[in-house]
Amino acid sequence: MSFKETISRNYKQVIYAFLFIVVALPLIFPLGLPVPIDQTTRDVYDRIEALESGDVVVMGCNIGAAIYAECYPQFVSIVEHLLRQEGVKILFVDHGTEGPIFTQKALKDTDAYLRKTYGVDFVHLGYIAGGEAAISGICRDIHALLKVDYTGLTLMDLPMMVDIENAGDFTLVLDFTASADSQFWLNQAYATYGTEIAFGLTAVKVPDAYAYYTAGQIFGIIESLKGAAQYEVLIGKPGMAVKGMDAQSMAHLYYIGLILLCNVMYFTGGRKK
Amino acid sequence: MTFIFSALMLAMLYLSSKKTYIPQIREHPGVLAIQEAIRRAVEMGRPICFSPGTSSLYSTKYAGDTAAALTILGYVALEAARTGAKLIVGIAPPTVLPVAEDIVRSAYLVAGKPEEYIEEDTVRFFSPNQWGFATSYVGMMHREKVAANFLFGGHAAEAMVIAESGATVGAMQVTGSTNVYQLPFFLVSCDYTLIGEDEFAAAAYLSPDPVQKGVIFGQDLAKIFCVLILILGSILRTLGIDTISRFLSM
Amino acid sequence: MRTLSKYLTSAVLLVVGLVILLDFAIQNTILQRAATDLNNWAVVIGAFALGLGAYSLIVRHGRMIMRKRELWPYSVVLLVTMFVFVAMGLITGSITSSGYSWIYTTIIQPISSTLYGMNAFFLASACYRAFKARSWQAATLLFAAIFLMLKNAPIGMVISPILPAIGQQVWDLAGSTGMRGILIGIGVGTLALGLRVIIGQEKTPLGGVD
Amino acid sequence: MSFEATLSVLISTALILIIYSILYRENPAFRFGEHLLVGATVGHALVIGVFQIRDLAVIKIQSGLATGNLSDIAYIIPIILGAMIYLQYSKTYRYLSKVAIALMISVGIALSIRGLLFVNVIGQIKGALKPLTDINSIVYLIGLVCVLLYFVYEKRASDIAGPLPIFGRYLLMMTMGAYFANAIMGRISIVIGTINFLLVAPAWYLIPVALLIVAADAITRSKKNKQVIEAE
């Protein structure tokens, strides 16, 4: 069997192997391509910059292992940005069973416990089961739905929670997800209480949200790793997302190359297959 | 708005059940594709497989999708039982399992071949987790050498893994979903894809009750109504009147 | 008994559906409570249905092991892992306990994220296999895809700023026409099918013929 | 790193590499990974299910019995209905399980009608209503109308629309192409995450091992192929 035959028989394996190489090389040797900022990301940044002391931000987290690579860098950057804002209160809510793991990780990665006081500046409510019903419960009356926080402390004992009752008290809701709970916030908090909402999403979810963005129902979107990289640049703390963007560029070029190659073969090779 | 739409649908259902107006529905290309895929599988003597999606019965976004997929499953199971194609149904959400079992079991009964339905084997539960489901489904397609693969209902990110593996096995794939994120993948890697509403229309078209076709026309009227509102509303807004926007917000 | 249950089924379909739909139309605390409770009920019943799934798996794989079918050792792996997870979960009593989260992050997490990421590879082979400009429609698909890729990756900007601009145009056009149309269609289709199910016209999603 | 953490990283790495091996070909290691995942996810779901019954129903019933709150005590109903679902296995009483199924379907369908009608239909139409003062909004309106007409199934109605539905089909194709490409970024991000994980010690040590196994397999297979060809 000649080399050419081997390749044409195992073309998939060759494609896969090259994809590995194309992604791994820029991660080891970064290219340092520039990161242009999208308006959707800037909108989120500007809104958080404009927060005033006493405002309450709800961070909805449905990050699981599968979307970790896309959404976690966004989540960490925003937590970091929120922690820098003086007097802003942060409420963490998890919509996925794996959510608490990543919320706690983010709080640890940003040294939140050292920089701010738990219970005064931020509270982690933990995972709340029940999909849209749960979000509806949070929006209507937190204290009726929950008595204790993630660690088992009584909510009423936490100074920050005394003034927060329903979605009318939330200034912003930022939801990080790849599933329908972003829409639940839209139905429950935006539609009923007019709370401002933004999403941090995986690339696949963005299109749908984009329609809400142009319709003015949400004020910003952080798109996938790209948005995370932009946010890292905006807050001046480049991290894993910025490095990943070089790999993104190379991979995209590779895909375009594959499409072109496929068509060249198709039009020159007698249009078989 | 909700009320207008609902009234349109119910009126069309009523009219067609009374046979006062029977709309002419164009031949659904997706339905033809389903029939062809089953015929091809019978000729090749290889099994066909079906997935009604990974969304549960009470999923707040894809419940309708799951219901449409189950209706289509009713048709596919009946066809398979009649033509003698071996059918394998892969299930992810446990809530769908009893329904799918019931549908397939009774389809075999109606076709007069109850002995060909094997409990726990014709309808297989894989895993409620999308990836557990996807690996099992892909493994099943490889080992059973399926000739046709039907993916309907709310599929999530596992769609691409299943569809590409189906193409590798050489199965003819007919798919449909209302999950707009997965539709492009289906469209690129499968033979025929029912985009969004096509799936509901196919479900109504394939429903055993001929009256159901009347509702397809109800859907058409609702869309034509939307088109009229769009045109009228845009013209009015150009003139500076936003009555329609306010009417919609009600 | 059978007819009674039939009536009960139709009544449940209609009443439950109406309560939830009315809760949306009318602001009323009792309706709201009822709708929330019904939703929770569905979740509880759904949790019971998991037992059906587990039973089905145990029977099928148990059969494979008993008859020593081909690949039976894998069935053993499956059942053992399942029991380990259940035992671990029930003994520790919480999925956030350190023991449970260890097996979770060691087994489920890496495999799921790897499979999710595997999509990238399948996309590559799909690009090579299926993106052929067989017809004008296929060509439209292909060019839209290429311009979007050049918009998304920073490299497009580096090659020429016109490319991302075209990509943005394609993206806006797609979002405002094609996607809107699909979404509206899905809404209408769900309503049509949903109404038929709720009023008991479409029975297949409940199970086969009686 | 503690012993448990190191062990976890090593097992995870092995599993990641095992799953990636399907890209090379279907093999026993992958089958092992597949069954491990199915077992684990079903087990996980069962655990979550038990906790859901406990948190959503049992606790509510207990507190309902204590306080006499009827709507809490009513949570006994889903438990009974849930148990009735198991009548699926009885030929004579199977029809009783349909009540439970009807409840689930009805909840799901009513909720999705609610959400989809408000967000998908009304929200989208509202978003599309723009003053027709610039070329973009005129093009968008015509495009959207074409796409909607593509979804009209009645013969006579779609004949009246003429070429517009076909134009709508092109727009749909463009949309699908754009959305396909847009998803690539997310998928690559995951691969980047995985590779980042693999490039750190001790995970890194397993990669050469995996490559050696694959290389050995490739060589033996190509030798076998050669023998087959020579034999022919």
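Here are a few things to note about the model shown:
Residue numbering begins at 1 within each chain, and the chains themselves are lettered A, B, C and D in the order written.
The definition used in the following text is that a contact is a pair of C-beta atoms (placed from the backbone, for glycine too) under 8 Å apart; a residue touches a chain by one contact, two chains touch by 3 or more.
These numbers come from a predicted model, not from an experiment.
Note on connectivity: the fewest chain-to-chain touch steps from chain C to chain D number 1.
More C-beta pairs in contact connect the chains of A-D than those of the other pair, out of A-D and A-B.
Among the remaining chains, the Cα-based centre furthest from that of chain B is the centre of A.
Inter-chain centre distance (chain B to chain D, centres taken as mean C-alpha positions): 16 Å. With centres taken as mean Cα positions, chain B sits 31 Å from chain A.
In whole angstrom, the spacing between the mean C-alpha positions of chain B and chain C is 14. Looking at chain A, one finds that residues 12, 16, 19, 66-69, 97, 129-132, 183, 204, 207-208, 211, 214, 226, 248, 251-252, 255 touch two or more other chains.
In chain B, the residues that touch at least two other chains are 2, 5, 56-58, 60-61, 63-64, 66-67, 94-95, 98-99, 102, 128-129, 131, 135, 157, 180-181, 183, 185, 187-188, 195-197, 201, 216, 219, 223, 226. In chain D, the residues that reach two or more other chains under the touch definition are 23, 31, 33-34, 37-38, 40-42, 44-45, 48, 52, 56, 85, 88, 101, 104-105, 107-109, 111-113, 115-119, 121, 124-128, 144, 148, 151, 172, 176-177, 179-185, 187-188, 190-191, 193-194.
Chain contact topology: the protein chains form a complete graph, every chain touching every other one.
The touching residues of chain A, counted against chain B in their complex, run 12, 66, 131-132, 178-180, 183-184, 204-205, 207-208. Of all residues in chain D, those touching chain A in their complex are 23-25, 48, 52, 55-56, 111, 115, 118-119, 123-124, 126-127, 179, 181-196, 199, 222, 225-226, 229. Chain contact summary for the complex, chain D toward chain C: residues 4, 7-8, 11-13, 15-16, 19-20, 22-23, 31-53, 56-57, 71, 74-75, 77-79, 81-83, 85-86, 88, 95-96, 98-114, 116-121, 124-125, 127-128, 136, 139-140, 143-144, 146-148, 150-151, 168-185, 187-188, 190-191, 193-194. Listing the residues of chain B that touch chain C in their complex gives 2, 5-6, 9-10, 13, 56-58, 63-68, 70-71, 73-74, 91, 94-95, 97-99, 102-107, 109-110, 119-121, 124-125, 128-129, 131, 134-135, 143, 157-158, 160-161, 164-165, 167, 178, 180, 183, 185, 187-189, 195-197, 199-201, 203-204, 207-209, 211-212, 215-216, 218-219, 222-223, 226. Per the touch definition, chain C reaches chain A in the complex via residues 36, 39-40, 43, 95-96, 101, 104-105, 108-110, 112-113, 115-117, 120-121, 123-125, 127-129, 131-134, 142, 145-146, 149-150, 152-158, 164, 174-176, 179-180, 183.
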